[in-house]
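What follows is a group of structures, each given as structure tokens.
Paired with chain B in one complex and with chain C in the other, chain A is shared by the two complexes that follow.
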Partner chain A sequence: MSDNCSHKISKDDITRMKAAHKRLATYSFEPTTIERGYNNRSLYISIGGSFDASNQDKLTASVSGENCTVIGEKAVTPHMKDKFVGGKGFGLYHLWKAISEGTRWNSPENDIVISPGPLAGITQYPGAGKSLVCAISPLTGIPVDSNVGGFFGPFLKFAGFDALELQGKSDEEIIIFIDGNEHTVTIDTAPLEAVDSHILAEQLSEMYASTHEDKENISVISCGRASENSYIGCLNFSFWDKRRDCVRLKQAGRGGIGTVFRHKKIKAVVIRYRGLHGDLNNPSKKGLINAAGVRLHKEMAHLDTSQNNMRKIGTANIIEVMDRYDLLPTHNFQFGAHPETPKISSKVFIEKYVTQNLPDGCWYGCSMSCAKAADGFELRTGPYKGHKVCVDGPEYENAAGLGSNVGCFDPHWILEANFYCDTYGVDTISMATMTAFAEECYQRGLYNLNDTEGLDMRWGNGYTLNELMHQMVTGDGFGVIVGKGIRQQKRIFAERFGKVSPEYEHMLGGYVWNDIKEPVIDMPIPTSHFNKNLENCEFLQSTGYDDNKILGEIKGTILENAGANNDSAYIAKPTKPEKIEGIPTITREEIADWPVGKPYYSDDPDCSYTNSRPWVKMTPEQVAEMEEFGMENKGLEYSEYLMKESLAQQGGYALCNKGPQHDEAWLIFMDMVNNQIPTFEDKAEALHYFPMFRTWFGLLGLCKLPWNDVTPVNNKYEKEPAKIPEHVQNYFDIYEGVLGKRHTEVSMVRQSERVYTFQRIFILRMGSGQRKHDTPPSRSLGPITEGEYLSREERYDAQMKDIIGIDPCGKSTAEKVKIIMDYRWSQFKQLVDAVYKRRGWTPNGIPKLEKLIEIEMDLPELVAVIRPYLKEEGYWPQGEEYKKYE
Partner chain B sequence: MNEPVITLNNRPYPFKEGLTISAIMTERKYDFPAIIVRINNKHIEEEDWQTTTVAADDNVEIIHVFGGG
Partner chain C sequence: MKKLVPDASKCTGCRVCEETCATAFYKKKDRLFSAIRIEPGENDGFDIAVCDQCGVCQQMCQIMAISTATNGVVRLDKKTCVGCLVCVGECLRNYMFYNDELPAPIKCSACGLCAKSCPAGALRIEETNHV
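Now for the complex of A and B:
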């Protein structure tokens, strides 16, 4: 499309870039024929650096190049296929062998593993082009897995490999090129190419395609500049959109794998594969695959318009549904709905932004076509201001996160942030949730405009949302702190943004600490939207809240307002202060014992923004306050669904292996709306089956969406309609069609349990994975503020009376908040007990030896990890049959 | 004497004479396009929701089939 025309690449540019390349290594590999979904080998690339590789599987063939580069192959063994299947399973398998307990995200041995799974690349059934990416996460320090569409995964398989490992750390910027037709892999230095993905993917598609038409045979993995100064880097997997005549980007978003990628100085991995056709998996029973595909294509054709509208707006179809059912996170998960939501409804995006009537599949044959995009979108900020670009999205998570959860109800700003997240290479979900946290800290007065150097962190300022990312690119400014994630924000705020105590004010030597005039702190939401009785509420009025004013503003604002009605990201821009004499400089180790409220200087090489200014520690009460509403678990930010009223989903998030991402379990409707899983045992069963079923998608190379974002007509007659049994059978059919083996629910769950349990033990190996690490922030369980309680006072009062058995009459709101939250914490504890029991874990969350034996994962290296925990906790089994595990 | 109730999604719900499935849906603000209704484990087709009444002590399931995230 001609509208997306601001960054076209000239032939001269490409020639100049190529001339600057220096070849570091070339590897030629033998072609293979895929047997029932497997090549039976993986591709290993080390790009330099020093690390111990002695525990890894041996290379079956390899070459060594310059700068200590190595390219080689590893065998995919029957053991790997039996125990780990593929996709995420292969990723975790290789990662386990590549690293040690002391490996950190930036250690050279940290391994990025990309694996498409044995069913990936099918073109007859929708949603079969997924890759799974694994690495040690900079946010969590434990293995993370992230799934992604785009063409790379299937092309990798058809080029001849079931997985790609990227290990080491390069001294120079490099590009890796896999030629699936010439059967070569090369590593070149690449000093001149862009880093930001929307440009780099265009450059490399141009560079490695022999003709314009050949671009559809190219896929590029890249990550933009913001990932270099943040922990939330994502990987962009490209595919060529020939109707738009531009590259499209799909993201492996969660966990900061893009940060690892850029730390290794990989600019891109490029693959080319020509000759795609529908039988490249060499399937065993093609008829089964075709028949399943036809069934689903028909459902999409006949049912999508009356059901989810995936072909018009993709996952963003649920924005208004979430709002209607009080599940749309607004203002850092305080509320579940907002009167301004119609401004960002799917209808607005369909009618005003997202191009319609294009077959937007991110892999061939996907009739769900949900990879929507806004074309000719003109940017307002940043280095590409004024450019017209193609924005991939909005996905629901982007609209909810970068919209309502940060308090922004302007579709333009949502799409602009969506674009910059993608091209700069940061995860939209973490970006949104960590911004919402920073905004709430500001609203609560935990830091001020001096701390942000004038950046306006009030709710919903669209300029600020994007400015934070521009600062992540430059490596300077408050955005660098935000980009480290909520866990690091809490630490940094706590050690640097406290208030100077009166007894130490003399140390400032006349420096005016709060010299920027604070704006009026705007309240986030008219609570009478929920509760008409609150229109003249004394408590809210005492906080300066003016419901009528806010409602008036909402009604009076036009669609394209500017978030918090600002026209800039900045309230003021002060000069950086000179260092103040007399304030001591201390080491990082000395901070723990430094007095609260006493200024000091220190040094943070990873976040230099605050190095030139005095730091002051917060009070313990302020630190505890941030723990309550900092929406992270295990270091990963929560994804964008309000979970407060669904105990099962609270568990779905907090008990998720990698951190709170909903791709293991999304149980809110089953639990909160349908009340289909009322007992702890019911919820525990759901928190077993659904994570196992969804894990299975990640093992095979499948997308979750065609499973339950269209529902067959006869599903209403099923005993367990939430499972969509007809579609589950489709998956078993295509599994049999490719691999030639019958599959059942029992065998499917078994496959997943093996990898799921392996991942839990892997996390344990890395120093996490116990019950204490599954503890969520209080806000995920219920209302932690009086405002949140009052917004749904009727609901909470009824719960107190009918469920807890306490009469709310005569109690203050603060007392009622405490009663509700105490009850909910006790419920959560019982849920965790039930889930651990169902999963075969101890009350501390350690997988039992008996469980490993049951699922045939009693591998010595796994037993070695759990043994000391089980013995200490008294769960090591007695009996002759267990002696061999001693 | 206790007020008559039905069971709606495993919770007691006030019963009144002539209460239809559609009326319950309106009261509960259930307007999602993919909803399954069962009374005492018997499926009720959508075209019958307006005319189907419930009786006291009926077990009514109104199930949203919603994929979510």
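Now for the complex of A and C:
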């Protein structure tokens, strides 16, 4: 295999690292036999610090180590299995018990729960190696769930546990090691190991494997250095790629769980399990599993090439498809296609980058094999510049997000950003969407080069894209603001990057505000590329924010810098002034009432970048402007599908429990391409069924892709082809095969409904989860600028005439934007009403008591959360049968 | 290159080959443990389903339990195999078998026992220098 390891790890290095370890705790556990997918116990670890684990309920066995570490077990009860199933269900269950209403992401009691689900670990059916990870998110403040492949989840189960909890906060860097064969758990301090995942996972695979061959029995959970200074940290779950002879990484990306992990000072969790075979779940009816597995393997072998090409390029097969259907998010979700998309099409990645003909499953038995990788990829920037590495990807989201959405149409930069996201431990999706937001703010003139210290935030600068992440590592620079996510960016920009009003200019005492005129461009950029870009720069030309002077400046700068030497240094950073006398320092609480345009000093413990220079508040109009196009909901960044033309997908995003991720509902094609769900009721039904169906995968430990990224030949003749009924039957088969019970569609949806409703109430408990929190940014509903309208004028004019019944003739573009957007908002509100009703929620989005009773989730702790909301809204039911819930 | 070459025109459907194979490798007389399977032909006579050592299965084996020996025989290492059955799905002609009682698929290793046992001479081992 090609050269993937510029970082050689020597035996001496490993010896030195191990010698620096100090054992904090050792725990020995009894081996168990898995019964039909369950061990019936979970592993609890408090990594100590100031956190008192004695409040933890029901540790059936435990040991206390140094630095207040505790390792123990909790029983997985019939109640848990009945109501919560496993995976995400167990994650939310443990998290609920571990925290209080006041818990924040950085509270020591915040609990990272990793659970693989009862079906996880079977090798016969594709996509059965998933772990679900839950914690309170730094981005949203509410529970987030993220699913991930890699070997850790199955190994955890085969080691003897249905879930792993990580609570507390360590004072020192630690590594937790679970030995599934020796039946021990240890916690060691680990001062010398790397933090960045592509190195750390190699180091620890070397350290904990007894031989080179033994590395296939190791899996490592780790983050990276950018997790520490951002809110978008992801967790990398490793798996040993025997053919490439190197470690590969899969990510639990969404919601910043990696940030929580690094805040706890966990460097890694390592697991070893030797003796894998296909029957370790002790299945009830193996024949059902085998038959379903072979059926799907055969479909993959025969149909993939003519359907989705997952084996050649994974999910990135749809880049050009999305572009064709005007769904590829471009320039911060303004547009759905771009003339330069062919430069980043799947064909380019297949032919130039991604290694072909390898069984790239992130768990055994995945004939879909979508975990593609580019081998021997040489990096251009950052601490690993010049290294040749293995890049896990690009997945579609990475190519669309780090590509078209930030305006980058250079496949190299996309892969480089993909690599750094992974090894630094940040979520590619949030990274992309929040960079796109920052870029648009910059190009609207909401901040300038002085604020970024010269970083060029125009569309598509691949150097900038990676530099932002390097800054998240050092903790210094504009990248630190970007890394806090869009919600924080909006706050920080609003507090700091306003313009000084003329009446307050004297306070600056002659300080030259804009002393940076040229952006930093560190890399040679082909003149032709940028010339073309600028001439077609739809945003600058059409949004009303066009400024010929800015455009001229940009052209000039780029032409000057085009062809600049690779090693050209930074253009001077701005001079940070000594503190200017006469500008007052105020507290954070005082900022709200401080006048717009008047400079002040303050500080921000969460983001110290620019703390040393005067801040100026933006105008309320500017703040409102950012709300329109900041593509976040509940604090989480949107994932990478343009949802503007699909009302169902707008709902799919905005009504997703954890924030706008398409894992609950991906309805764009059903809604707008195939027109299968035309009415509100149809859409509401889809927004009930699909989130429930998709939640089920997360309860069981399954990947969704084998469900619908290959379809049986006869699927089109099914009554409801969108559900892929034959594959649903496969899932019933493997469920029965492992657990011994047959599902129906009703009982399957019921399992999900319980956990889904529980999650909604959990969110409510954390102070969110009402209708107002589901409100999306305007841009997700339609064209909010004249530029967006004009780019698809024919479409919008036709909609206005044919659907709304207003003649667009004679109307200005601004008027037409308003008419379309008013209509879209009214549609969205009706959709939300319909979906809430279908889900058994009140118009304010609160699950009704009757619904809890119906799904047998009328647990006292849940009723206690909804009771005051229902009473206030007038939805507390009357009648004798409800008296006991008072 | 060593492989089993069937001649279906000679097959009488006695299934001795199946029993020989199943007995030799799994100590079972059940034909569903055999790496060679005799099925009634579409019109008349019999079809003989047995691995021709094409090696397609090897490419998709993630844990590299399948390898090609120097004599061209594609071998499955049952100790390494994790029973995922991807190879069974990959086999274009459906010549790779599995049995729910076994942890690993059933793969012909061109041992020739069935050929020796075939009373009709419908099976022979072919060895050529082309690998």
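In the analysis below, the second predicted complex is superposed on the first by the 821 of 886 C-alpha atoms of A that agree within 3 Å, B and C clash if a C-alpha of one lies under 4 Å from a C-alpha of the other, contacts with A are read in each partner's own complex, and residues count from 1 in each chain.
Simple rule for what comes next: a residue touches a chain if its C-beta (ideal position, glycine included) is under 8 Å from a C-beta of that chain, and two chains touch if they have at least 3 such contacts.
These numbers come from a predicted model, not from an experiment.
In the superposed model, A:Ser369 lies in contact with chain C only, and not with chain B. Once the two complexes are laid over each other on the shared chain, residue contacts for A:Tyr717 go to chain B alone; chain C is not touched.
When the shared chain is aligned, no partner comes close enough to touch A:Asn40: not chain B, not chain C.
In the overlay built on the shared chain, the residue A:Tyr396 is in contact with chain B alone; chain C does not reach it.
By the touch criterion stated above, A:His297 is placed in contact with chain C alone, chain B being left untouched. Residue contacts after overlaying the shared chain place A:Asn106 against neither chain B nor chain C. Within the superposed three-chain model, A:Gly287 lies in touch with chain C and out of touch with chain B [touch as defined at top]. By the touch criterion defined above, A:Ser62 reaches neither chain B nor chain C.
Taking chain B and chain C in turn and counting the residues of chain A each one touches, the greater count comes from B. Looking at the complex, you find that chain A touches chain C at residues 123-124, 216, 242-243, 276-279, 286-287, 290, 293-294, 296-298, 300-301, 357, 359, 361, 364-367, 369. Residues of chain C touching chain A in their complex: 59-64, 81-86, 88-90, 92, 98, 100, 103. Interface residues of chain B facing chain A in the complex, by the touch rule stated above, are 9-11, 29, 31-34, 36, 43, 61-69.
Contact residues on chain A toward chain B in their complex (touch as defined above): 306-308, 315, 318, 321, 324-325, 396-397, 639-641, 662-663, 666, 668-669, 673-676, 678, 705, 707-709, 711, 715-717, 721-722, 724.
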